[in-house]
Amino acid sequence: MSTSLERGIRTWVAQIDAPIASFFTSCVHCGICADACLFFTETGDPKYTPIHKLEPMRRVWQQEYTFWGRLAKRLGFSKPVTEDELKEWEPLVYDSCTLCGRCSMVCPVGNDITYMIRKMREGMVAAGYAPEGLKAATSRSIRIGSPMGVRLPALQAQIKAAEAETGLTVPLDQEGADYLMLLSSAEIMQFSEIISAVTRIFDEAKVSWTLASKAFEATNSGMQIGSSDLAAQLVQRIVDAAEALKVKYVISPECGHAYTALRWEGPNLVGRAYPFKVIHILELLDELRAEGRLKTDGFEDQRVTFHDPCQIVRRGGIVEPPRNLLNMVAKDFVEMEEHGIMNWCCGGGGGVSANERADPIRRKAFDRKKHQLEGMGVAKLVTACSNCRNMLEEGLEDNHLDEDIEVVGLAEMLAEHLAVSNRADTGESTSTAKE
Amino acid sequence: MTETEFLNWVRGPGMQIALAVFIVGMVYRVLENYLIGRKQSLAEPRGSEWTHGVGTMWRRSFTRAKLTTRGYVTLVAGYIFHIAFLVTLFFLAQHVEMFRSLLGFGWPALPPLLITITAVLGIAALLALLAHRLTDPVKRMLSDYQDYLTWFLTFFPLITGFLLINRVGIPYKTLLATHILSFELLLIAIPFTKLSHIITTFISRWYNGAIAGVKGVQS
Amino acid sequence: MKDTRTVGEILSSQGISRRGFLKFCAATASMMAMPPSMVPAVAQALSNARRPSVIWLSFQECTGCTESLTRSHSPTLEGLLFDSISLDYHHTLQVAAGSAAEEAREHAMQENDGSYLVVVDGSIPLGNPGYSTIAGISNVDMLKETAAGAAAIVAVGTCAAFGGIPHANPNPTGAVAVSDIIKDKPIINVSGCPPIPIVITGVLAHYLTFGKVPELDDLGRPTAFFGQTIHDRCYRRPFYDKGLFAETFDDEGAQQGWCLYKLGCKGPVTYNACAVSKWNSGTSFPIQSGHGCFGCSEPDFWDSGGFYRPLSATTADVGTLAGVAALAGAAAGAAIGRMNRSHRARAQARHEKLTIDDIEES
Amino acid sequence: MSTPDGLHDIAIETHSDAGAYPATGNDLPILHEIRHALQRLAQSGEKTVIDLQAIPMAPGEEERILQLLGRGEVSATIDALGPSEVRETAFAGVWTVYHRNTNNEVVGKFIEITHCPDLLHSQPEDIATGMAQIRETLAELESKQSGDQA
């Protein structure tokens, strides 16, 4: 069955729930959400007003779920949603929304606009209106196992490199380990230092962990494109692997949307609660810190700041852990003026980075981050999401700031300062030391 | 219809009709939305849905973000309007008497001079908001006829009320009847327009807070 | 017998000096609510005014209006006035009775055809004319017959002006006002229950003096007396403006003379001269004696939601209504809500899994 | 100290009126009006009459205004259709004129700003009548005298 307008509308009818109805009912057209959206603030174009991006779904709600709307529809007075409109709205919903959730924080009547956009995308993709780049990424995720087309051999190569670098074993498919560590494609392909970083940290903290050859990829393009059906397939792979390896925890890596997909949407996508817990790498590291199992040596001597990945901080609720961890290794850690739950998006979340068509507006939207960094005098911009990291690096380069500011992953920075104990003295390690 | 019949009608049957429409309409609207239902999240909760939902009902009255100029215009005028309108509605002695006749109890009123000030502030804020709606590209794009209709329906009782307590040439009886009628029109319009946000806002805020609460996220 | 002398001639025949006449004119102008600068004009007009014939008809009334008139505080002035008019028929006051009385009326009508003044107090029953008859003649017939040759009609009291208490719900007699029956004559409504005596005499004096109907408001009342509300001229108005209200009839506020709005005063919507003219020789008026205005000079004052209910209060019972409305809303909402829920469930049931093939094809 | 009807046993609390009522604020505007009227009188001789019955007064307010105006040098009583009292106030040129009817009830209250209230002057009509009367009296006396002589 192919995608169609009719299928899209039916999807919206199925997706609209009590909160959505309440949100549409409450909207007073005040336009405050526009100020929370970097695509509006950086372009000044009113069409980027978050609530406006939902207009087709609003009409479906009105026509299908309200008394007057149904009456008007029956009498033939209502304006049905058309293909042309979906075509017009597709870039608004996919190119100029990163699901960052800032609008949901400022709406005075309390509308969770991000929650609405997420459902809006369900109908859009079912109607066949999704960007090519995101479609291709989703296709690769389903067919190959990774949006970037990363296959197991590539991971194995990185494992090998990490083992060589650290002199430690990187456990793979180790049944009965406590933690199953996931990675994102970007980490495997671009920021593979993370593998050695966590290997060293977990070894030092005596964390029993493993990677899984059947489920190393944490990202979820299905959720980004807005298809719960495909998102569920991707989550199911992780659930299956975690159950096969009988782990107690699955670690969501430094990737924003992976955390949302796995931690919050996952059980609802696969239709049952997990037999394991999902924990974010920052949460785990912060726990280790609190328990005294994570110790560091020395400090960064340069001024650093933290870019809050939206899905981890604002929409994930992990606000304090990255700060606690940063303070372990940075003496001159400064916050951006708007930080934590009100920090601005890098511009590439929610599938925007996978969508080449969105490149110009995404790069324009980066001006927001540039303004935030202006005058802070930071040498390092720390973050905890490989997608953010990519976007930040690219954005800084575009603005010729890449010489001044270095983008660093938090776990990596911690690993650099990891205090190494004398293994020979303790003589035991949960992480298998290489013979 | 004479002036007296007009006044007697708005004080009696008119108010009954308006209240009936308001109550039927709002109960209906809330249920129409609520009964669509929603899925309970299967994810292991990190926080409380209920307490966070209730907290957000109040907390969302204050903004967290830095806004642009256009946002601050809306914010400041919006605050002034809402506070001024509510104070005027609930604390003018004459209004307290109306509520007493509806609810069976009353509360202390504020001095008329203060209410005159709040009425003027409310009127000024509404005018500013209308001007802003007409000039701000975002609001102009979002607005449909309802936004202007509800603006007028809100402005009408404020301006007639202001004229009423500040002796003007228009006969008091006609003005009083018109003022009461304007309030009744506002009541009637609430369930049919975005004005229903006077109630659904708190439901929306609850949902927003509840969705965040489960995740242990601030909202 | 028709008297054709002018008022000036009548007064001077009674030995009244010019000084006395001027004093009379000053008091009359004041009574007519005219500025003192009008006194010379009043004197001029009064000197030359001719004595009109007056026929006073009493229908469904309580005689309160006549009582009020005869107790007006300047009897000698009114006495002078009535000396200046020819009250040819008034069935309460006249000496003649029975057929002689009716003959007097018919005689006056014939002799002064087209120029006499008809004063009416009381409302006219249209439901069944038998409710009120005089000498076997129904009120409506007598009014029509008498009004036919009148120069003008003065409807004295709220009953004659607007139907008054007989007209109040459920109006068993089908009572109506003079203006509901007579459409082709000038009608001056002097409303009030009863009207202020000085207002009755003031209106008669105006007609006598100038021979024409004074300026009227849209309810046919002379604006000289009914141009402003009680509230606008009330000495307690400053308290209203300050928001100081008596809450009960014996609280501190009541003793301090605060505004009676919350005790149901209808002053803001009542047009009359009480606050200025006052009653009982200018002694006081209801608000001054501590009771709110009833609004007796306004139409339907008896049916305006109760004398002790504040003007801003709702007059209808809303408790039951609110309950019924909430139930009705809940029933309708539940019905449509269930429809909404099943609508959603059906859409979910019809949902076919989106596959990667679907997406790749699109 | 019981009385047959026992009324004295009832405690009676009396409240004083003094200060209980507000000034409606009529006094100041009236004084201002009088000042302006006096100015007109002094400059152009224009007279002004204020009708106190046309002003809504709070209880006791009229007395207060009269007290403010005070008493001047002249006072006169006219006996025509009842007594009228004409008084000059403490401010020369400001007069109060109170008309009463034959029952001694007040029927008119005025403040006149004039050199002398018109009503004090003998009226031309009355002078004419007086002239006629004096002629008549003379004629009568003369005819009586001539009759006596005859």
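So that you can tell them apart, the chains are marked A, B, C and D in the order they are listed, and the count of residues begins at 1 in each.
Rule of thumb we're sticking to: a residue touches a chain if its C-beta (ideal position, glycine included) is under 8 Å from a C-beta of that chain, and two chains touch if they have at least 3 such contacts.
The structure presented is a predicted model; accordingly, all values stated were derived computationally and were not measured.
The fewest steps needed to get from subunit A to subunit D, moving only between touching chains, is 2. Most remote chain with respect to subunit C, judged by CA-atom centres, is A.
Counting C-beta pairs in contact across A-C and across C-D gives the higher total for C-D.
Look at where the CA atoms of subunit A average out and do the same for subunit C: the two points lie 78 Å apart.
Distance between subunit C and subunit D, defined via averaged C-alpha coordinates, is recorded as 33 Å. For this pair, subunit A with subunit B, the centres built from the Cα atoms lie 38 Å apart. Centroid to centroid, with C-alpha atoms defining each point, subunit B and subunit D lie 60 Å apart. In subunit B, the residues that reach two or more other chains under the touch definition are 28-29, 32-37.
Among the residues of subunit C, those in touch with two or more other chains are 336, 340, 344. Counting only residues that touch two or more partner chains, subunit D has none. Remark: the chains found to touch one another pair up as A-B, A-C, B-C, C-D.
Subunit A makes touch with subunit B in their complex at residues 16-19, 21-23, 25-32, 34-36, 40-41, 44, 46-47, 49, 51-52, 65-68, 102, 104-112, 115, 263-268, 271-274, 277-278, 314-317, 319, 337-338, 341-342. Interface residues of subunit D facing subunit C in the complex, by the touch rule stated above, are 15, 20-22, 24-25, 49-51, 53-59, 61, 78, 80-82, 84, 99, 101-103, 105-108, 110, 118-119, 123-126, 129.
Within the complex formed with subunit C, the subunit B residues making contact are 2, 4-5, 7-8, 11-13, 15-16, 19-20, 22-37, 93-95, 97-98, 100-102, 104, 109-113, 167, 172-173, 176, 180. Within the complex formed with subunit A, the residues of subunit B that make contact are 28-29, 32-39, 41-44, 46-47, 56-57, 60-61, 63-68, 70-71, 74-75, 78, 136-144, 147, 192, 194, 196-197, 200-209, 211-212, 214-219. Across the interface of their complex, subunit A is touched by residues 336, 340, 343-344, 347-348, 350-356, 358-362 of subunit C.
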